[in-house]
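Please go over the structures that come below.
Both complexes below contain chain A, partnered by chain B and then by chain C.
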Partner chain A sequence: MKLTNEEKRGVLVVRVENERLDAHIASDFRQAMSDHIERGHARLVLDLVAVNFIDSSGLGAIVAVLKKLGGKGALVISGLHDSTLAMFKLTRMDRVFSLYDDIDAAVTAVSG
Partner chain B sequence: MRILVVDDTLSVRIMLASLLRKWGHEVIEADDGDQAWEIIQREPVRFVISDWMMPGLDGPSLCRRVREADFEDYVYFILLTSRDDESDLVEGMNSGADDFVTKPFSRGELEVRIKAGARILQLQQNLAQKNTELSDALGIVRRDLEAAARTQLRMLPANAAEFGPTRFDWLFSPATYIGGDSLGYFPVENDLIAFYTIDVSGHGVPSAMISFTLNRFITPALCRLAVAQDKDGRALSPERVVECLNQEFMDHGDDSFYFTMLFGLHEPATGLTRICQAAHPHPLLVSRGGSVEELGGGGMPVALLEFADFDSFEFVMQPGDRLLMYSDGVTESISPEDVQYGIERFKEFLRARHELDTPALLQTLRGDLAGFRGGEGFDDDLSVLAMQYDVPAA
Partner chain C sequence: MDSIRLKIDSRADQVALAGRCIHALSKVVVGERAAFEIELAACEVINNVIEHAYECREGNDILIEWIHRDGELQIDVHDWGRAVPADVLFSPLPDIDHGDVTNLPEGGFGIGLLNALSDRVEYRTDEDEGRNTLSLFRRFDAAGISR
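Showing the complex of A and B:
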């Protein structure tokens, strides 16, 4: 699994560099995101522009990160493609997460 | 330790044997390679000290024969050489000898070399024992899983079940022995059938345990939650059953646990069907003419979010219609070239094969997926439930 992190205006932007966010990396991904939250990051953008497939384990991991935040802070998502957006729509996660086309729009929305 | 001493020179043999006995070993003696070979085949010998040059079978040839025989227990082999010649050493090692002692040897050197050999044999024996324990344990796990797989299959309803004009068939194939997919159908009350397909996230034993529990939990009594009778007739709300499951199973796993499902109610008399889609792939409606339509507007997974709300959609099945409800193991099958089977290929398959009867269609699908994947083994659990309305006369 490869994640790259960048801080922009007080927001932590985490980009998943793998093409597949699936069972193979879901647990590592979840752990890495939890570590960020435990280090005090509460406003997060998850950039999925490099990801073209999310399976059920990947989706479970993203929601687990949201639960970890426990309502304090924000987790939004940027860079979904048609295929990954379809997954969010099928599971109605488009109603749970705010979705943005790109990182800048996401950071602006979260940096408040 | 039992040590076989092989030397054609009597004086050397006697000297070696008495030394070894003094160090507490049991000694068997052989005059030459041929006699040694007979002994090794006849009785358990795990340590051999052999001279190099002997009439008939010489030391390296004896060693080679022992290696080729590949006895169950490893035989540690020390060759005695009369000179430190590099070409001898290479030949000796090629024959499979473990160590060399140059004649004339010092007692101290011989003693430590025998101890080194004994250590290696002990390690080998420990390893062999661990291996046996592991393979015994693996055998138990495998037998348990196979038994669990049979139980899981027995929990599924009878294939080709008919309720008036409505018939159910299914395809079920767990990735490992058992999996987190499940499906079922049964009458709830007069002229009302409940049906469902479930895909518990993850696979293997943890998913299967939840899947077993769910199967037991979804009963006709629970399904009556979805039925309201008033003066205008019967109102169906399958989402009420899913809401109940959402609350009930919220804490059954870790924070990333959930399952997807389709839960539906169907009236055989009218073809009226109402389904709650909870993050499960869109069911496909295949008409008698072969058109394929994706139904449903999606919905949240079950047991993932406390505040999830669920809804349902309704349609009326026409004679010859078939509704295919599948888990994502179908469309997420991957070819050796890393291509996904995908929904479009699945729909095309159904259009092309719509004239097959349902059992043949499901078997053909299984074959098509195996061909696409380049093998019978699947990465994910795979299940398809087919509901056919107005079964055509055979």
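Showing the complex of A and C:
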């Protein structure tokens, strides 16, 4: 699994560099994101522009990260493609997460 | 009828190989969107086999058959592990209360997605061979338009 991290206007932007966020990497992804939260990052953008496939394990890991925040902060998503957006819509997670076309729009929304 | 068989080991890193093959084959028949949905449904089945039938033990065979006949794609996933209770396999997607983040489900989506993305799902166990088979079916019209 490969994640790249960048801080923009007080927001941690985490980009998943793998093409697939699936059962193979879901556990490592969840742990890495939890580590960020435990280090004090509470406003996060998850950029999925490099991801073209998310399965239920990947989606469950993203939900777990949101729950880890415990309502103190924000986790929003940027860069979904048609296939990954379809996953959020099928599971109705598009109502749970705020979705943005690109990182800048997501950072602006979260930076407050 | 056209068909092809794929065999992978019961490892999470092998699922993508099967998924990409299923996607590429299906895309020719039903187009990109339905191919993605068929890939997702099949990968959920294969993940389920690894986790439940083989209890995450590597070194076990998973045989996948992609079958194309008039107006229908069928994906069969065979395993030689523990049979899954039939009632588990027909669960819908979990309900989401988007205002209640604390109680959002982190799991239980896989089988729901399988059922949502398939026109029909069948499951059978061959007791003599110790083989379980899950078949998912997806219909399409003469123009290749799925549902």
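One rule holds for everything that comes next: the second predicted complex is superposed on the first by the 112 of 112 C-alpha atoms of A that agree within 3 Å, B and C clash if a C-alpha of one lies under 4 Å from a C-alpha of the other, contacts with A are read in each partner's own complex, and residues count from 1 in each chain.
Criterion: contacts are C-beta pairs under 8 Å (C-beta built on N, C-alpha and C of every residue); 3 or more make two chains touch, one makes a residue touch a chain.
Not measured: the values here are computed from a predicted model.
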Chain B and chain C placed together on chain A: clash or fit? clash
Exercise for review: Would you sort A:Val63 into first (chain B), second (chain C), both or neither based on which partner it touches?
Suggested key: both
Which partner does A:Gly71 reach: the first (chain B), the second (chain C), both, or neither? second
For A:Ala23, is the partner it touches chain B (first), chain C (second), both, or none of the two (neither)? both
Touched partner set for A:Lys89, first chain B, second chain C, both or neither:
first
Checklist entry - Touching A:Asp55 in the superposition: chain B (first), chain C (second), both, neither? => result both
Stretch of chain B hitting chain C after superposition, from 167-175, 221-229 or 311-319, is 167-175
Interface residues of chain A shared by chain B and chain C, listed 23, 53, 55-57, 59-61, 63-64, 67, 90-93, 95-96
Per the touch rule, the chain B residues reaching chain A in their complex are 199, 201-202, 254-258, 260, 279, 281-282, 298-301, 304-305, 328, 332, 340
The answer for chain A against chain C in the complex is residues 20, 22-24, 53, 55-57, 59-61, 63-64, 66-67, 71, 82-83, 86-87, 90-93, 95-96
Per the touch rule, the chain A residues reaching chain B in their complex are 23, 26, 30, 53, 55-57, 59-61, 63-64, 67-68, 89-93, 95-96
The answer for chain C against chain A in the complex is residues 12-13, 15-16, 19, 33, 36-37, 39-40, 43-44, 47, 50-51, 93, 96, 98, 101-102, 104-107, 109-110, 112-113, 116-117
